[in-house]
Structure formats: structure tokens, C-alpha cells
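Both of the next two complexes hold chain A, though its partner changes from chain B to chain C.
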Partner chain A sequence: MKLDTSGLESFAPLSAPIDDLCPDLSAPPTFDLPRSADFDGFQKDAIQMVKPAKGTTTLAFIFKEGVMVAADSRASMGGYILGPGLYYVDSEGGRLKGTRFSVGSGSPYAYGVLDNGYRYDMSIEEAAELARRAIYHATFRDAASGGVASVYYVGPSGWKKLSGDDVGELHFRYYPVAPSPTEQEMSELSPA
Partner chain B sequence: MSIFEYNGSALVAMVGKNCFAIASDRRLGVQLQTIATDFQRIFKIHDKLYIGLSGLATDVQTLYQRLAFRHKLYQLREERDMKPETFASLVSALLYEKRFGPYFCQPVLAGLGDDNVPFICTMDCLGAKELAKDFVVSGTASESLYGACESMYKPNMEPEELFETISQALLSSVDRDCLSGWGGHVFVV
Partner chain C sequence: MECVFGLVGDGFALIAADTSAVHSILVHKSNEDKIMILDSHKLLGASGEGGDRVQFTEYIQKNVHLYQFRNGIPLTTAAAANFTRGELAIALRKNPYFVNILLAGYDKDIGPSLYHIDYIATLHKIEKGAFGYGSYFSLSMMDRHYHSRMSLEEAIDLADKCIMEIRSRLVVAPPNFVIKIVDKDGAREYAWRESIKDAGVATA
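Presenting the complex of A and B:
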């Protein structure tokens, strides 16, 4: 059987004329490699270094009015929004189309709240509140998520930021503390 | 993640004028997941002696139970409370007994000795004592705590000021650590 070796052919001509006007045309495609004695080890270390950098919670979902996107402030987005569609894309080349996604170390907690409260017919305010709550609950349980819950709406006329609330403040808004009778009180320091 | 970072903890103790303060965070987690926000890490041995234990939560609880047992026996035999220095040696010995299979805990002791002289010390998981005159720290937030205490501490503080200082040092340090937080417990004696 004759093997097809066309893929092994080099694109560079055997005698390359030195042409100052377009030097790249005749040169074979190349890219710089790092100067390292152990390139495989270097690649492995680089991958290991970014592995923990997925501590975050992000989510996005499609509903009647458009697309709602929310994230905590320790975030790096893993979802890409295309028109009325929603795609999940990851660094390993995976690509999925869907209506609800959550990405990051806090995503299981966000999914719990998102899946429970999701309806296609929601108003923008309801959808924003669902997104906000889902991020808040994820920041409560996940140590690697926290800070500010930002909520964005994407509609026919473009995107708009709806809110950016500190999750610490959201905690007391959702679970207000009933004032309990004080057992002991610190007295005010008199000015020295 | 090391075994000491499995549950997450933050502990600090400070010396004031004839008083001491000991404070801890309240989070109990399993790696990144938060399980409880009211976990107790500081325990009373007697009115003038408190021990805080950071590190693996199961060892925190077991070690406290063993130490409480030993102190109660001492109280029955000697008919008095243990001095903080003596208790520190007891903790150190108990930890070193497990030299080749240790408790994954780093204790912080705080007490008032004779004439109400404040005493604080910390130990590593094998019982190496470190006495200090100003403050001691322990836990996953220990590096932040060192910085915060170093800048906020001054000697001979009265109890009210000591309370403010130790609280602010604890809160600002745990804010920079994912594994500890969710409020604090502060004891001022």
C-alpha cells in the first residue's frame, strides 16, 4: 500500500530567494520555543500552574427576554454569548450549545439554585434576581468565589449591566439578623 | 492542599496590660466547600486559661477532649488549677508522644499566671514551644496575621483597646484568606 506522505511536505522552496519586500512569504511557518532543557516538563508545569486558576462562579442562561449573565468578581468567563444562543467553550476545546450553563469551582452550587428557580417565561427583574441569588449561594459555599456579584442583561439592543452587589451585603439582605437581647455590651472608650 | 489546610483556620492571641485576648475565625470547610460558619476553635481550660487549636478539625476536637481530661484529673489530684506554663508543657508532651504520627494541630495558649501576669505561647504540631511577649498566630491565615499584628500591636493595651486591635487584625487577615473567615470569636480575660 502506498502511503500518502503529502502532509510531510515542506512548504519552503528548496532554494529560497532573499526577498526584502515580503520576507515571510518564502520562510516556513515557525514559532518561538522557550529556551529550556526540558520542554515537556516546562509544558507540564505551565498547565499545572493555570489549573487552580478556575476558582470562580459564572453563569448564563437564555430566557424569554434574552440572555442573563452573572459572575462573581474572582471571575474568568468560560461562556460565550452568540446572538440569542448560548455556547459553553472551554480551554480544552469543548463547545456546547445550551440554555443554562454555569462554570467554575462554585458552579455546582449555582446550578442548584439556577435549575430550581428557572422558567423560560421570566421578566428581566426575575431573571436578574435568580442570577444574583445563584451567584450569592455559590459564594457562600465555595471559598474560591466571592466579592461582587455582577449581573448583565443581553437583549436585542445590546448588553447592559444591571447590578454589582457585594455578596456580604446580599447575605444580610437575604437573611436579615433579628436583633437579639444583648448579654454584655462594651462601653464606649472615653476620649483620652 | 496540605493536611493543615484541609479545614481552614485562623488563630491569634495577644498580650495586654494584666490581660490577654485570644481570637479565632468561625469557618469549618472541606477544602473549598464551606460546611459550617460557627465552628468553635477556642476552648476554656479554666477561668484563666484558654487554648485555641488550628489545623485539622477532627484533631482539634480530639486534642481538646484529651487535654480537658488531663486537666480535670490534675484538678482532682492537686485541688487547684494548672498554671499556664505547666499546661503548655503538658500540651507539648502530649503532642511529642505522637512524634511519628502527629496530631495535625497547631495550638495557641493564652492564660494569666501568678499575679495575673499574662502568658501566651504557640506550638507546632510536634510540640515545639514558642513563647512570645506580644502576640502569637496560627492557621492558614498566619502570614497575613503576622503582618496585621506586627503593624497594629502595641504593648500594655487595656482590655477594650486590646479587643479592638485583635478583632481588626483577625478580620483583615481572614479577608485575604479563602479558607478562613465567616466572623470571629474573641475572648478577653
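Presenting the complex of A and C:
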């Protein structure tokens, strides 16, 4: 279903369109509408989907091999990645170009781990582990962050998901529990 | 905690600004350039919150460029300052921009000039001025040591004095500053004063 918006045009184009470059310029402007029984509901859902929920931890940084991006699973990402660069964009119209950013309620915790471990010339594995670790530490301290730590790499040939680990599992991987002697005695006694 | 200050010297104007981009307790960036080069002979030092600083100053820059494209000649510093003030005034009663601006420029037959434009669209042509908490320290410093037709060396020395005073006396003082100048040869970056070096991308 196409919506003809030519009635909204109030003036002719300023210059004649270059036909070989933009052949569609002379046609009336249109766009496709989604095939849905409830268009208003669809619109509402679409807006809700992109609304950034602020209880989260996300981070991204540039290093020698490209860009590393990581986020917890509680909400959508707040960062926008562009080419070899990295931009932080917020809903108030702020825009910053930089090499390291973290966004969300857990971001101060992530920054600490990220800043301390950062080196420009890291390997992809080292950078991924740094990103994963920073997200883990933020989810540990921030009540509004948690779930799965997803890590993505963005390089010359595109983006690739590197890992998605449950932060609860990461906790025991980083800080394994050694069974104490008392616990061992109790577990030996229990069948009796 | 954003600091911008500026002064007019002998055949040049100078603007210095801190370079930290802050969100409540977080410093997102400590090398953010807040002094925009408006055109070949104009500098716009701005301090303000959220997206207002970037959005408003880029809007002014594009319109200054547009004037030059349309008319073949650049705006004078006074005209650019009045245009900026006008835009702030129009927005004021509907959707104000919370940005304070120091606009420095060099015009061929007028020489250097500095304009002080605050967020409620007050405009003054000044010899020296400052915005932000840093102004409490830099204004008195400039009042004490400033004289008209200062040389570049004297003016940079005064700017450094102000920066050192801000660093030592302002709680949560910004660590890094950038200094830009504009004279008959154009607007350009003069120096950075960094006490915290960001571990950024290595220069290839």
C-alpha cells in the first residue's frame, strides 16, 4: 500500500533533477506503509522499541584492530558507532566524538575497569575480555544492570558477535568458589 | 564547572576554554574542543549544557557560511554577534538554548573584537570577559593584569595565570584547556594546556 504525498508539496524543486543520478526525483514522493490491521498500535510499538531504557550498562571503545562494543541485556544500546570512529549521542541532542564511552546507570562502574585496562594496541581477544569484564563488574554493582553480557567486534569487514555470557556464570568463572573443609564434611555426612 | 574566558590584545583576540564534557558525576571526555572556528577570522567559544552547545553553535556556523555563499562576502564580527544574539532571543520565550558564548573576530578595517553573549541573549562588546564558575577567578585576574594592546606573549601569560588559578582554587576544576587566537592571518588553535592526557588512539 503506497501513500501518495504529492499533495503536501508546496513548491517546485529548486533545480532540475540530474536524471541519470536520481531517476526517481520527478516521481511523486511515496513510502510504504506496513501491512497491519492496527496501524496506530504498530506505530506505538515501533516507538517503544527504540525508546532507550536508561537502566543499563553499555560501552564501546576504539583500539588498534577496530571497535569493540559490549552491553548487558537489560535494555537497548545508547551508543551509535560510525566507521572507524565512535560517537556518543544522547536524547538531549548531545554529541561527542571519542575513543572510549560507557552509557547507562552502570557506566561509572564500567569506566573504572575500562580505563584501567585500556591500551590502544590490544589484540581482539584482549579487547573483548576487557569489554566483557567491564560489563560484568558494572552488573555486579548496579542493580539495574544484568543478564547477559554481549560483546561485538566491529572491524574492516563488518561486525561480528564474539560472545554472550550470563553474568552470573561470569562471576564464578572470575571468582571460583573453593569448597571449605566444613562444607566438605557436611556433604560427606549427608547420605548417612 | 565549564570555564570560558577571552581578551583582546594588540591586533589579535584570544579565547580559552576548558575541554571536559561532563554528565553529572561522569567525565565522558577530557579533550572536547568547545571553541568553534566559525569562519576564517572568527572564533566562537561556548559553554552550556546537554546538546544545546553543539546544536546551537553548529547552527550559527552553518548560517554564517550560508551568508558567505549567498553574498560572496563574509559577515563582520559585529554582524555575526548580533545574528547569534537574535537567534538566542527568538528561541528564548519558546525553547531557550542554555549556552553562553564569547565570540572573537578580526575585521580588516576594524581590528580584533570580542563579544559577550549570555544565554538570555544579552550582548556586549568587551575587552575581556569570562563565563562559568571559572569566571570568579579569571575575571579578577584579568582586571588586575590586563592592559589594552597587550602582546601575544603577555596575553598567553595572563591566560596561563587564569588557568592555574582555576586549577588550584575551583573544586572539581577541569584538568585541560585549549587556547585559540584570531588575528589578521586568521583563526587558529594556539595551544593545549593538559594536566591529564587521555590514553587515546595512537597517531599512526
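To be clear about the criterion, the second predicted complex is superposed on the first by the 129 of 192 C-alpha atoms of A that agree within 3 Å, B and C clash if a C-alpha of one lies under 4 Å from a C-alpha of the other, contacts with A are read in each partner's own complex, and residues count from 1 in each chain.
Simple rule for what comes next: contacts are C-beta pairs under 8 Å (C-beta built on N, C-alpha and C of every residue); 3 or more make two chains touch, one makes a residue touch a chain.
Source: prediction; values computed, not measured.
Trainee: Check whether A:R141 is in contact with chain B, with chain C, with both or with neither, and answer first, second, both or neither.
Mentor: first
Trainee: Going by the touch definition up top, name the partner, chain B or chain C, that contacts more of chain A.
Mentor: Answer, by number of touched residues of chain A: C.
Trainee: Would you sort A:A46 into first (chain B), second (chain C), both or neither based on which partner it touches?
Mentor: neither
Trainee: Tell me the contact category for A:Y120 with respect to chain B and chain C: first, second, both or neither.
Mentor: second
Trainee: Going by the contact rule set out at the top, does A:S105 touch chain B (first), chain C (second), both, or neither?
Mentor: first
Trainee: With touch defined as at the start, can you tell me which chain A residues reach chain B in the complex?
Mentor: Result: residues 55, 105, 140-144, 146, 186-187, 189 of chain A touch chain B.
Trainee: Under the touch definition given earlier, write down the residues of chain A that touch chain C in their complex.
Mentor: Residue list for chain A touching chain C: 62, 64, 88, 90, 92-96, 98-99, 101, 107-108, 111, 115, 118-121.
Trainee: Tell me, which parts of chain B touch chain A in their complex?
Mentor: 8, 29, 31-34, 160-161, 163, 178-179
Trainee: Considering only the defined contacts, which chain C positions touch chain A in the complex?
Mentor: Chain C reaches chain A through residues 21, 25-26, 28-29, 32, 50-52, 54-55, 198-202.
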